[in-house]
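Per-chain numbering from 1; labels A, B, C and D assigned in written order.
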Amino acid sequence: MSLGVVVVSHVPDIAAGIKTLLTQIAADVSITIAGGTDDDEVGTSINKIQRAFTENTADELLAFYDLGSAKMNLEMAMDLSDKTIHLYNTALIESAYTAAALIQAGTDLAEIEAQLAPLKIK
Amino acid sequence: MSLGVVVVSHVPDIAAGIKTLLTQIAADVSITIAGGTDDDEVGTSINKIQRAFTENTADELLAFYDLGSAKMNLEMAMDLSDKTIHLYNTALIESAYTAAALIQAGTDLAEIEAQLAPLKIK
Amino acid sequence: MLTTDIILTWIHDFDKKISEKKDYLSELDTPIGDGDHGNNLARGAEAIEAALNKETPADATAALRAIAMALVSKVGGASGALYGTAFLEMAKTSRDTTKTADLLAAGLAGLQKRGGATTGEKTMIDVWAPVVTATKGGQLTQKIIDDAVAATKPMRATKGRASYVGDSSIGHLDPGAVSSGYLFTSLLEAGGAK
Amino acid sequence: MLTTDIILTWIHDFDKKISEKKDYLSELDTPIGDGDHGNNLARGAEAIEAALNKETPADATAALRAIAMALVSKVGGASGALYGTAFLEMAKTSRDTTKTADLLAAGLAGLQKRGGATTGEKTMIDVWAPVVTATKGGQLTQKIIDDAVAATKPMRATKGRASYVGDSSIGHLDPGAVSSGYLFTSLLEAGGAK
């Protein structure tokens, strides 16, 4: 069973930049992103989040976000998705990096979640 | 005495995106960034960090970073700078956002640091 | 009672109010947020109008669903997910009842599920909750709405973007409370509050 | 003793080794890091050569300082700040002494200040520390260097990027330890270890 990473940010550049950071250390992990509104303004888009879910080739997804309203849209998209998606209230960049590094190293979900626990800040 | 924000990230897009996010809620706060190496590759550049320090128009700076090696370069640049710079081992996006919002609202440093304390994750 | 006709009258009026008050709502969102609440909702209002124009909803459920989907997909901010969830929950409940109080109560429950806020946190919940209570008693008035909106001013925000500025959120109306006030004023005017 | 001549011989040789081993160092950095250690140091080595070519350093302090600044400003990764700080501290100490053991000890102290790591954390410190100890005793050998580098293989990383993969860091050489091994091999070969 493969694990993937979904990054949701209010800003397209932040989401794209995090993908750059993660890909460098986790070349084999499916990392999909949703940044900004449909018009690429600051905000989040449920359409983009749904696309990040469907485009991710992994079986099970670990989702990370920046601010609370991204979480609300993430949860809406999760309600509408069939995939198994885990949402973490952790520091966005730092926890997405940790998760990607551990997935790349073949770590299982339970151990990844143990490593993410101290990064919970929201 | 004015407070400013410095954001150091391994990726130019992340730094630029955080500036976009923060400017929206803190239009009057001086926010300067250092993203990537001198060649805009993934990494950090002491030159860019020094420029972020000097270009920031505030008297006292609050500095945030993503990964440990950014911290090392930040600390080197701090050793070489005359400005008063406070370095926080907190979640990058979330704490830079918090700091910018509070500076914009006129909050003093002691109170800002109290709000940043729970965001310490590194 | 929320018939399809009342829902449409209600929402068209709300959309009009939003487009009129767009700048004011974004201004309210500036000191304690990111200054986009009016723009966000104006995008949503336009999308609602477009959706309802494109296809006349067959019944109340379809109308509420169309409104919800327009809000969810076009607003972008927290308010899109919140109002969208509220209308989605109203749409679901409208399969069993047309009673306004029951529908609004379902909407409020959706808001609370989505945002995790309760009353007193300086959000739209602080308008929705007293409105639901008053509607259950069959006596929603403009004064109840206005008082609920005004009551958010002295509150300290503990949810949403305004919570980041802590004490500095005190003394400002909550933008989402004000837009919810418009929603319920439109409902009253459309005769849907009973 | 670290005279200006020995420093220059030492560092030119190190720069040569780095450019030869660039791909290998980046490969070592791939399973437990971001795969750039060789490229980072190769950029640094080029910058050192450029700086030393541009201006022949007047004394040991100037030489060590030029090396430090090239590393600090061109490497980009953690190793730039670390090696840069080490050479900067050596430069400072070289005003008072030319004793290799004292200079390397100052460099090691700088590394520890900058990175906050101690021995056993699977970093370059695990090579620097035994090398400093051996140099103090006047008996640095290739075997001491090689053993220190090899000893990082079974270690579990608790500092730097490798610490993110936890147990998976076990069984790999630390790239910074390997490059530090080259640094001290070059020092031995340049006759600077005594």
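Keep this in mind: contacts are C-beta pairs under 8 Å (C-beta built on N, C-alpha and C of every residue); 3 or more make two chains touch, one makes a residue touch a chain.
Only a predicted model underlies this, so the values are computations on that prediction, with no experimental measurement involved.
Distance between chain B and chain D, defined via averaged C-alpha coordinates, is recorded as 29 Å. A separation of 62 Å divides the Cα centre of chain C from that of chain D.
For the pair chain B and chain C, the distance between mean C-alpha positions equals 37 Å.
Listed for chain B are residues 24, 42, 67, 97, each touching two or more other chains. Counting partner chains per residue, chain C shows two or more touched chains at residues 34, 36, 161. Contact topology of the protein chains: irregular, matching none of line, ring, star or complete.
Going by the touch rule set out above, the chain pairs that meet are A-B, A-C, A-D, B-C, B-D.
Chain A meets chain C in the complex at residues 37-38, 41-47, 67-69, 72-73, 75-76. By the touch criterion given at the top, residues 34, 36, 40, 72-74, 76-78, 80-82, 84-85, 114-115, 159-161 of chain C touch chain A in their complex. Of all residues in chain C, those touching chain B in their complex are 31, 33-36, 161, 164-166, 168.
Remark: chain A residues 24-25, 97-98, 101-102, 104-107, 111, 115 touch chain D in the complex. Those residues of chain B whose C-beta lies close enough to touch chain A in the complex are 9-18, 20-21, 24, 35, 42, 66-67, 91-94, 97, 118-119, 121-122.
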